[in-house]
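Before anything else, here is the set of structures, which you'll find just below.
Two complexes come next, and they have one chain in common, subunit A, joined by subunit B in the first and subunit C in the second.
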Partner chain A sequence: MLFSDLVVIGGGPAGMSAALAAAGHGIKVTLLERMESLGGQLVKQTHRFFGSESEYAGTRGIRIADILREKVESNRLIDCRRGSTALGIYEDGVVTFEEGTQYKKVNMDRLVVATGASEKMLVFEGNDLPGVYGAGAVQTLMNLYGVLPGRKVLMVGAGNIGLIVTYQLLQAGVRVAAIVDAADHIGGYLVHASKVRRCGVPVLLGTTIRAALGTTEVEGAVIQKLDSHFHPIPGTEQRLDVDTVCLSVGLSPLTELLRLAGCKMRYIPALGGFVPVHNSYMQTSRSDIFVAGDASCVEEASSAMMEGAIAGLSAAISLHVPSAGILEQRERRIRELAALRAGDVGAKIRNGLAVMAD
Partner chain B sequence: MFTQDGIVTKEMFESSLPSPQRRRKGPYAVMECYQKIPCNPCRTSCKFGALQATDDLNALPVRDAEKCTGCGACVSACPGLACFIIDETYSEWEAAIRIPYEMLPLPKEGEKVDGLNRAGVPVAEVRVLKVQAGKILDKTNVVTIAVPKKYLYDIRNIAVRRKEHG
Partner chain C sequence: MRIQQHPILNFEPAEEIPFYFEGKKLTGKLGDTIASALHANNIRMLRHEHRPRGLFCAIGNCASCLMEVDGRPNVRVCVEKLRPGMVVKIQKGNGTLGKEEK
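What follows is the complex of A and B.
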């Protein structure tokens, strides 16, 4: 049995920020990451980040991963356990995990769950054919392993991920036939849309994928226009000559562990689906469990890092460890997160959090 | 419409241009950033105080054309690749436009490339005047192209005609 003041599950931007924030106030942290290296989704984000310059804006995601990873791995208070998958949370404060072939236990006083999110799937004919990918897999192949996912792609979804991955495909020399989205407007940042448009990629709104064609792999795709009630309009089917279909149709928070621990959950579509009810200190309905990043609500890596810091500081504060300036530090982080969400594009998250606070 | 196709309209572009007198003086930045998103690297990159300081991270950038020297620091700093430098004094019938460029192969100085409009359609052959690819730009390279003045609004991208990388 291991003993730790704080266990952090997930070594992405939120989890690493939580571990660093708590360790910065003398808290002993055990960080569990199921992959063999830290970084989470940051390791594939080759684009420059938005947000505030003081929070890595203008820096590419891959570089932010390096910066955080180095800080975490060189911090002697953080026991960084890679290749370790959290399996369970017990009433007596024991977290179990699988590490290699071994089943291990760690006894904790506080827990931060930063498990991220999983990609949503879309139902259409042929969606099980090789060549139909989630956007995360396309990024992993391309940006992590240097493998082209295909030669000509249909992108489904015009949110930030769809737009960014389209741009990264173009950078890798892959053609993108079109981006389709069922909505009547572009969901992602319009500067990203302008970028892919001036590379010649059409954005077809009110349009969805009906089928991926082919017998053993994707050899084409059929798209179709939708009416204002999202019903397909007969006769508007169009065949596209593509060998790859990339889906970027949203994310669902990964909250199984929180549910298991008995944290109160609520279905709030604006936040990504079932999310753990939490306050502005990132504390769940269980006073010893905190949450951060996409597991708390689906947003951006910039907000995940701030939430992680707030969760880590809150865990430290709740352990009653006297540390100078810790309350002020948390207040500053909460203000920064609010500033990030203060604009038009933050309205959805603000509304979702208001529903949660009700 | 902008929110449906991401294409900045001619009216939006023209409303962000400096005064005719300023335009005749030399290079200036245009910030083609028309949606309030949480972002501020352009403001922190400007060494001349040409971008109005604000506490609102989501505020649109407001460029003071009298303070802007057209230095181009914002071009590679903008994560949205939405800042461009326009110099209408380059020649009688051509303007020099500096664009952020993150594709390979990089064009060479003097090379003729396709000038693409905001929908990616080639509209004119343009000449590459300068290629900046220094380490400090961190792979958001900056290419200066000579563009016929009638395409001042239209051309925002290039396509290199060679295929090879590097």
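What follows is the complex of A and C.
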């Protein structure tokens, strides 16, 4: 049995930020990461970040992953356990995990769950064919392993991920036939949309995928226009010559461990689906469990890093560790997060969090 | 297919790793997962359960890419690193353990 003041599950931007924030105030942290290296989904984000300068705006995601990883790995208060998958959370404060082929236990006083999110599916004929990928999978294949998913892609979803991954496909030399989105407006930042349009990729709004064609893998796709009630308009089907369909239709928080631990959950579509109820200190309905990043509400990496810092500081504060300026530091982080969400783009999250606070 | 040129990323030449897919000898690269090595060889059908299945999430979340590796079924090939001499097979349904195979 290992002993730790704080266990952090997940070594992505949120989890690493939580571990660093708590360790910065003398807290002993055990960080569990199921993959062989830290970084979460930052390791494949080749674009430059927006947001606040304190969260590395202007820096590429892959570089932010390096910066955080170096800080975490050189911190002597953080026991960084890679290749370790958290399995269970028990009433007596024990977290069990699988490390390689070994079953291990760690006893904790506080827990931060930063498990991230998984990609959503879309219902259409042939959606299980090889060659239909989540947008994250396409990013992983290309940016981590240098492998192409196919030669010509249909992108489904014109949110930020759809737009950014389209640009990354073009950078890797893959053709993108079109981006379709059922909505009547582009969900992502217009600066990203303009970039892909300038490269000649049409963004077809009020349009969806009806089928992926092929016998053993994708050999084509059918798209169709939708009316204002999202009903397909007969006669507007169009066949596209593509070998890959990339779905960028949102993410769902990975909350199994939080449910297991008995944290109160609520269904709030604006936040990604079932989310753990939490306050502005990132504390769940269980006073010893905190959340951060996409597991708390689906947003993006800049906010995940801020939430991680808030969660790590809150865990430290709740352990009654006397540390100068820690309350002020947390207040500053909470203000920065609010500022990040202040604009039009943050409205959805603000509304979702207002529902949660009800 | 592998990326030939990229404006941001630099893919250094890596050591070649030989492995077997359905009895055929193929080559991947050091650092590859089994799934990325298969994709680099233009192989996208990884499993067959009534219908063909392939890679979906690539980060170990979804269980779409389960294959038989060295006689062991249900290996998530998207997160399993490629090692020299691995014997990789398309998994049929739930898969079978090596000795039970008919």
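Observations, loosely collected:
Just so we're on the same page, the second predicted complex is superposed on the first by the 358 of 358 C-alpha atoms of A that agree within 3 Å, B and C clash if a C-alpha of one lies under 4 Å from a C-alpha of the other, contacts with A are read in each partner's own complex, and residues count from 1 in each chain.
Everything that follows uses one rule, which is that contacts are C-beta pairs under 8 Å (C-beta built on N, C-alpha and C of every residue); 3 or more make two chains touch, one makes a residue touch a chain.
Keep in mind it's a predicted model, so treat the numbers as computed, not measured.
Because the two structures share subunit A, they can be overlaid on it, and in that overlay subunit B and subunit C fit beside each other without clashing. In the overlay built on the shared chain, the residue A:327 is in contact with neither subunit B nor subunit C. By the touch criterion defined above, A:134 reaches subunit C but does not reach subunit B.
Between the C-alpha centres of subunit B and subunit C, as viewed from that of subunit A after superposition on chain A, lies an angle of 100 degrees, to the nearest 10.
Of the two partner chains placed around the shared chain by superposition, subunit B is the only one that A:302 touches, whereas subunit C remains out of contact.
In the superposition on chain A, A:198 makes contact with subunit B only, while subunit C stays out of contact range.
Using the contact criterion defined above for the overlaid structures, shared-chain residue A:60 touches subunit B and also reaches subunit C.
Within the superposed three-chain model, A:184 lies in touch with subunit B and out of touch with subunit C [touch as defined at top]. In the superposed model, A:354 lies in contact with neither subunit B nor subunit C. Using the contact criterion defined above for the overlaid structures, shared-chain residue A:149 touches subunit C, although it does not reach subunit B.
Contacts of A:171 after superposition on the shared chain: both subunit B and subunit C are touched. Per the superposed model, the minimal spacing between any CA atom of subunit B and any CA atom of subunit C is 5 Å.
In the superposition on chain A, the residues of subunit A contacted by subunit B and by subunit C overlap at 60, 171, 173. Remark: subunit B residues 2-8, 32-41, 44-45, 55-58, 77, 79-82, 102-104, 116-121, 138-140, 156-157, 165 touch subunit A in the complex. Interface of subunit C with subunit A (complex): residues 1-9, 11, 31-33, 35-36, 39-40, 44-46, 51-62, 64, 78-79, 81.
Those residues of subunit A that touch subunit B in the shared complex are 47-53, 57-58, 60, 170-171, 173, 184-186, 189-201, 203, 205, 302, 339-346. Within the complex formed with subunit C, the subunit A residues making contact are 34-36, 41, 46, 60, 118-119, 128-134, 136-137, 140-151, 171-173, 215-217, 254.
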